[in-house]
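Sharing a structure with you now.
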Amino acid sequence: MAKFAATAQDAVAGIQDGATVLIGGFGNAGQPMELIDALMDCGATDLTVVNNNAGQADAGLALLIKERRVKKIICSFPRQSDSWHFDTAYRAGEIELELVPQGNLAERIRAAGAGIGGFFTPTGYGTMLAEGKETRMIDGKGYVLESPIYGDVALIKALTSDKKGNLVYRKTARNFGPIMAAAAKKSIVQVSGIVETGQLDPEVIVTPGIYVDTVVEIAPQAAEGEAH
Amino acid sequence: MSEKLSREDLARLVAQDIQPGSFVNLGIGQPTSVSNYLTAEQDITLHTENGMLGMGPEAHGDEIDQDLINAGKVPVTEVPGASYFHHADSFAMMRGGHLDVCVLGAFQVSATGDLANWHTGAPDAIPAVGGAMDLATGAKDVYVMMSLFAKDGTPKLVPECSYPLTGVGCVTRVYTNDAVFLLTPEGVRVRETFGTTLEELQSKMDIKLLPPTE
Amino acid sequence: MSEKLSREDLARLVAQDIQPGSFVNLGIGQPTSVSNYLTAEQDITLHTENGMLGMGPEAHGDEIDQDLINAGKVPVTEVPGASYFHHADSFAMMRGGHLDVCVLGAFQVSATGDLANWHTGAPDAIPAVGGAMDLATGAKDVYVMMSLFAKDGTPKLVPECSYPLTGVGCVTRVYTNDAVFLLTPEGVRVRETFGTTLEELQSKMDIKLLPPTE
Amino acid sequence: MAKFAATAQDAVAGIQDGATVLIGGFGNAGQPMELIDALMDCGATDLTVVNNNAGQADAGLALLIKERRVKKIICSFPRQSDSWHFDTAYRAGEIELELVPQGNLAERIRAAGAGIGGFFTPTGYGTMLAEGKETRMIDGKGYVLESPIYGDVALIKALTSDKKGNLVYRKTARNFGPIMAAAAKKSIVQVSGIVETGQLDPEVIVTPGIYVDTVVEIAPQAAEGEAH
């Protein structure tokens, strides 16, 4: 049953040291920036973070990494032109990296939410990212066994929630949100707006409220913040 | 043809070779330029792995919407008939073999279609794979666009890749400025050459080249 | 309580025991009657495995819509806040452990929570499982509603099921007209009895019954 | 690229003897009755049919079974009060039955469309439906390895298609449609209406046109046909 928090700080209160935190977003789209900032403020450390990337520039996840609050990151694409905080931590041996092909990352998160104990994927077969993993030929094609990625907490961003926590997203900001909401014990969602129950068409709800624990409304920033 | 293809002509050639009505993913970098040469008559639907079919051209000015970006994180537009879906559904679409063509860049391609395009293997490099392995694995046809020779003159279409692999036996065609190669069960067949000859290419490469079929 | 519970009172008891705000799947048959006793204050959300959360009461008259049915293929209604999803997403929701409670009927339940409710095992029976095994596997709590004794007087809460299993170690509570049983790591604990005593029940059953905790 | 057929008969033309046919629907909801009737008329035989049930009364799939056009059925719930044609064929040993728990059926179909070679599911573990299958303990819990179910053809019913074959469904008639469309080499869809491309909101499309091969518009029957 979704609860509603007054602030991002209230929403993330209770995230424990050592937690596995699934963080939505791909680029800026769908990135729950205010929730990440609140996670920074709340002081939790020794985190395992699951995200497509490993932080960019001097904001959000990059700052968590800069402050050495992330002991391990599971992602597909850590190295970017502005991933300097990750690069530094990684080269210093101060952050563990589990590199996962993006589709396997998504499917592993989905598996966690769907109660699947493991699955055979063709992606990565025959590559160094399959080294040490169980493989199998199925109908003449090579597959790698991959395991679910469960989260203690998910931080995601959606467009609108109703009072039951049913969510809709906007364009490519949907990305990891729906699967992370299902894969975490506790899903914390920042939304641009909250509407009365019944205002969202039941046919278009992407994340049913059963997957949502805490919702906080964060008014969208003016466009100036978006330029970088 | 009497000259090596320019990058633009190479992109145009790839675009022309895509069957009308296809669903296509264009990788980051050089492959993205193929979209400039797709015609309305071809009615190609572009996929971006961050959750969209029906991607339109890059967005400019007022069109820019931070919630609408491509896999390279560049703001794009949507065309009529577009649809959005989450990451697991998007990669299921790729992995399940539903895309007709994926066009990718490469460091190396082997004669049997192995692809190396994600990692130089340098010991101090921070690895990053993104969707490269998924793109290599899923599409019905994987076309590679690359220069045929590295800066040091060594060929990039090779008997066996020395760089870490992205996928095994996945590439079906290689488009270069010098020639188009079809990777077939019989071997590597030259479809056409640009400003060179099969014999000249053969003299510079370590794999057996088969002549064009009639 | 001085009498065995009626079917209605049993359904009412199960309904009262469901925590406010829960997401619940009620199996076909007797469990469906639990919905009659859920209160608005409880704010329970009902799931039907054919692709819906927020199922309302059975539809009647003009409300009947053949596109809106429950897992028993009975026309139902939707409540505000409902959502629809496809079969794989619906069973992912169950299998992934997101439902708080599932209420099922049973032929037999074992002391360790094994459930038998899909197949009599008769050699000429045509088997049909539907969603029974998925329902048994997924919910955080699986409550069984059944009569405690078969028509021939043999208990249905048993050391080991003789009927083919639906799921292993999945049942957490058994609601019967004679008593409510909690299946705990310590064993089968009687929570309360109706018109009988623990001693009387123990004399008719082949499993060790633990007394209610204070 | 979706093509549009003038009639249900045109839509199903080309289904071969021996084909595996995925048929959508749960009860009457989402059942592509006119496509099934057309499959009956087209004469294809030796079919393997995947459906939740095994036909009801004297219509649709039940008639295909009655006429012994179905050599094998993969389903979760064959036995119903009105499944007499299946019951007769089964007792005569004239139809093969693969009984699959409903959620495993759905996930196996989903796996086929998603390129997953196999997956470990807890459903059915320790039961007779797991006999002969590979099992594994993962984190102390038992799982069964299940394989994808691919279709040569899918026959499904949706509410509306646009000219690109993008589909939306209606209420619980969605059921198996989206996953079957993705799992079959050729997806044939009957819809109640067709709209211009761009008329469907990109956020609410459930089945993108990439999964749709043939669309045929079948006007909904008057309510009289729905009473049974």
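All chains are identified by letter, namely A, B, C and D, in their written order; residue positions are counted from 1 within each chain.
Heads up, the rule we're going with is that a contact is a pair of C-beta atoms (placed from the backbone, for glycine too) under 8 Å apart; a residue touches a chain by one contact, two chains touch by 3 or more.
For clarity, every value in this text was computed on a predicted model and none was experimentally measured.
Common neighbours of chain A and chain B under the contact rule above are D. Chain B and chain C have Cα centroids separated by 54 Å.
The distance from the centre of chain B to the centre of chain D, with each centre set as the mean of the Cα atoms, comes to 35 Å. Distance between chain centres (mean CA atoms), chain A to chain D: 33 Å.
Shared interface positions of chain D, i.e. residues touching 2 or more other chains, are given as 107, 110, 114-116, 121-122, 169-171, 202-203. Chain C has residues 78, 84-85, 92, 94-95, 137-138 in contact with two or more other chains. If you draw each protein chain as a dot and join the dots that touch, the picture is not a line, a loop, a star, or fully joined; it has some other shape. By the definition given earlier, chain contacts exist for A-B, A-C, A-D, B-D, C-D. Residues 20-23, 43, 45, 47, 53-54, 78, 80-85, 92-99, 137-138 of chain C touch chain A in their complex. Within the complex formed with chain C, the chain D residues making contact are 26-30, 76-80, 86-87, 90-91, 97, 99-104, 106-107, 109-110, 121-129, 142, 169-179, 206, 226.
Across the interface of their complex, chain D is touched by residues 48-52, 65-70, 73, 78, 84-88, 90-92, 94-95, 114, 119, 125-134, 137-138, 164-168 of chain C. If you check the complex, the residues on chain D that touch chain B are 1, 110, 112-116, 162-164, 166, 182, 197-198, 202-203, 205, 208-211.
Chain A makes touch with chain D in their complex at residues 107, 111, 114-122, 136, 138-139, 141, 143, 147, 168-171, 201-204.
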